[in-house]
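Pasting the structures in now, so scroll down.
Look at the two complexes coming up: chain A is in both, with chain B in one and chain C in the other.
Right after this comes the complex of A and B.
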């Protein structure tokens, strides 16, 4: 079996090309390059997260834990050790991987909303650690005192340079996730989503696969978190907040969690809408919340699901 | 260590715990009956406090105590009829996201209506004193709240255990489909349960306004502990909510006094510990959400 079909490569290539050209377009429509960077970062988060939600059928409301953990690890490593970025990013992402493995091992046996509640609670645990361990994390004020510098000699300080740096991770994520979902492991995950009992009868170690999906999605959340903190040169407790987890879930659902590019589209719509509405009114949360409610009520399959009914991503 | 300090913290813990119990009971019956994780529960609590603020300014605290919970219960029923009801029977994901979006909008509505900064609020004059309990002085208001919630929990227990309506609610927690088959109007039942939960959340908001003050994000601070209470006590369990809530309140209050750095964290540690030792929670029944 080939890892990618021609169609996959064509689509991923097209998306990569679109994002490569975006920095030329963004300033002309009253937006800015960091908005594009942010869309890609949330795209990484949501696309990885959707391995769990859309792919395996498990709802986690706590992936902000891994997003924030890696973000703080990135900031702390830069502040405390002065390590170079090529070492910092992998270490930070590894921290999320380990955390996802441990938390997953503790809770993966639970199902449904009980599982979702547990993930919220664990995410909040990290939130409180970050907001109260003042001496290490800077508490509620957040962690500052670091700036992204260079990556193997490539100066990342200008926003457009960093944009293309993130683009690399972004395309890598699309390729990795698409490859995973095309592989036999990915097919097994979907089988578990479709029918847990039948999968068990077939001899699949369901919990092991679910745990795997949890860890992989947590790791991508970590990658996004590290890049996000580098984008802002700032880490703050809200990275861990349950509402941040909720944002990732919403992105997947808005875009369409059963389409491969759904979460990415959702991330784009989310960041763009939030930015647009917040320039119009400080009370952007009111209309944004209403948009989400509308989506949940009337477009449960998301934007892509609405346009391509019946197909699986 | 001073005994009086220990005892006053114990009282504070019980007070806090009883508020958690009120919140958790509403959440847990909604969760048990409709399978909905109600993220708007925290904002209903906030509404309770803000409505109290506005009503108390005109009619006094006692009128607010009566009006605000009923109003919040009504808001809950309207939300249920208009929105939440449409996602029953679908993946719990949708009810969760629906109430999440709803909470987001409603919290902003509070900011628009009452401002973004917190509002001070003190207990009614008649209760704004300290009582001499021989070993210590303790705020009268807190003692009254204490007794009031205890009575309320008793009333709720009576309702659930001794009345036909309560039996139907409990049966709904066990198996709402079967209750429907037996001829109960589940549509009305669900609205009632949601309204009851909202009423309890609103009431908790009214009662805690004079203790904590009023601010737009106040709901967040109680909704997470309430989730933990449910995890501790077991989903859908009345006794679990009571025991879990009191336990959590005492632990948080004690940590606040003696190891403030881990006060918020302590509840998550307790949760993790209980999960390891008793995966279904203290009073959880087999089968629910497993």
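Right after this comes the complex of A and C.
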């Protein structure tokens, strides 16, 4: 039993190479390097989130809480303590991990729609704290007054440098999540997704594994949130808003939540479409919503799922 | 140690309805026990209590003289319990091999044990193939489990239950919905496995020919409680049972 198959390494290598070359391409098609950075950041969020949704079969609308928490922690640590980035990023991600552990412990016993509603409630709680606590968070105006500087002597201020910095986290995420899903733990999560009762009667402590998936996906959301705030040099309450969690769901559904690269593809399509459409109209959410509805109605297994079916059939 | 499964004054109430109402039963080591009774007698509820799928309202369940009334289902599995359901519960979108693999893996690994590089000295894929062969699934191993015939899904579930090498196997109507041929094959297989390695089996069954063939003793349930218990001959001659059960069945 190997951690990665040859095919895994080939695909992850190909995706890494594609993203390594993307900064050369993006400006030529009327886009920009930060769009690529953003695709990778949302790719980290969605790929991690899909451990929970596609992997374990749990719908959460609360992962924006972990995305935002780590984002604000990053901004606050930079503004208030002046700590260097190699300390700030791990601390911020750890904050998300702890929050996901605690919130997960409280709500993981609920099933289905009750669970999803509780995740919204917790996420919104963070949103209201961030938008009301003016003295700490800057309220609705958001948190400013910090700029990413260097990471162990590597100057991250230029957009292309930061792009490659994020690429490192991005490839790490792909390797970690693929490795996890290939492992016995990942297979157990899929068993739980497929049939909770059967899993329990195979002797699996279902709640513990669900909690684990919640925490791991929350931690990746935290990693993405920290990088996102560093990309923008700005943190704002909408990071916590339930729609941010909804975007991760959307990406997984568009790309295909039962395919490993599905959420990443969804993230790419989502960010790219939003970027393109928003230059034409401020109502970019409308056509994007139409895309979502189309997928739910006609391509329930997402883009990759659709092609896989074609291949097998 | 006394490998006995016992329940005392077991009650399960859903609101005001007592689906199991003061049930008493003791099953011995390596015994095959059939539970029979008319529809709604509380047989499946009884199974769900014994396996921990439902919590009991009152009463006690003991295994090996240990009170397991409050023990969660997955921990009872670790104690040696294994079961099938009336409607097969399998992993429908995975193929047959993956279904069995997951059962073997669950039995042979500790919680959160990371078996990424190897499975210790345990050959999980090998065990999986062995089980697939025993249950005649080698040919169907690559097929998606949800697309199997109803009968094959039932057999797959029994195969997964047996992968746990149980001490106590509870089968809820294992042959219902099977063709005559499939029924024969399944019962033959169960008896062969029992012959190789005896275990306690509790089986809910409607087909009296099967009950006669495989069970050592029979428990008859009626309206959530014990109506009679005994060998096939004793039950067959029991007047109350005739009235409550055989009377309508024949």
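The rule is short, and it goes like this: the second predicted complex is superposed on the first by the 309 of 313 C-alpha atoms of A that agree within 3 Å, B and C clash if a C-alpha of one lies under 4 Å from a C-alpha of the other, contacts with A are read in each partner's own complex, and residues count from 1 in each chain.
Note that in this section a residue touches a chain if its C-beta (ideal position, glycine included) is under 8 Å from a C-beta of that chain, and two chains touch if they have at least 3 such contacts.
Source: prediction; values computed, not measured.
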item	value
Partner chain in contact with A:80 - chain B first, chain C second, else both or neither	neither
Touched chain A residues, chain B compared with chain C	B
Touched partner set for A:157, first chain B, second chain C, both or neither	neither
Touching partner for A:3 - first (chain B), second (chain C), both, neither	second
Partner chain in contact with A:183 - chain B first, chain C second, else both or neither	second
A:195 touches, of chain B and chain C: first, second, both or neither?	second
Which of chain B and chain C A:206 touches, first, second, both or neither	second
Chain C - residues contacting chain A, complex	51, 53, 73-75, 77-78, 82-83, 85, 89-94, 101-103, 105-107, 109, 111-119, 124-125, 157, 160-161, 164
Touching residues on chain A, where the partner in the complex is chain C	1-3, 179, 182-185, 187-188, 190-191, 194-195, 197-206, 208-209, 212, 258
Residues of chain B touching chain A in the complex	31, 35, 37, 39, 83, 86-87, 90-94, 96-98, 100-109, 111-112, 224, 227-228, 230-231, 235, 261-262, 264-265, 268-269, 271-272, 275-276, 279, 288-290
Chain A residues within the chain B interface of the complex	53, 59, 61, 106-107, 109-114, 116-118, 120-122, 124-125, 128-129, 132-133, 242-243, 246, 249-250, 253, 283-293, 295-297, 300
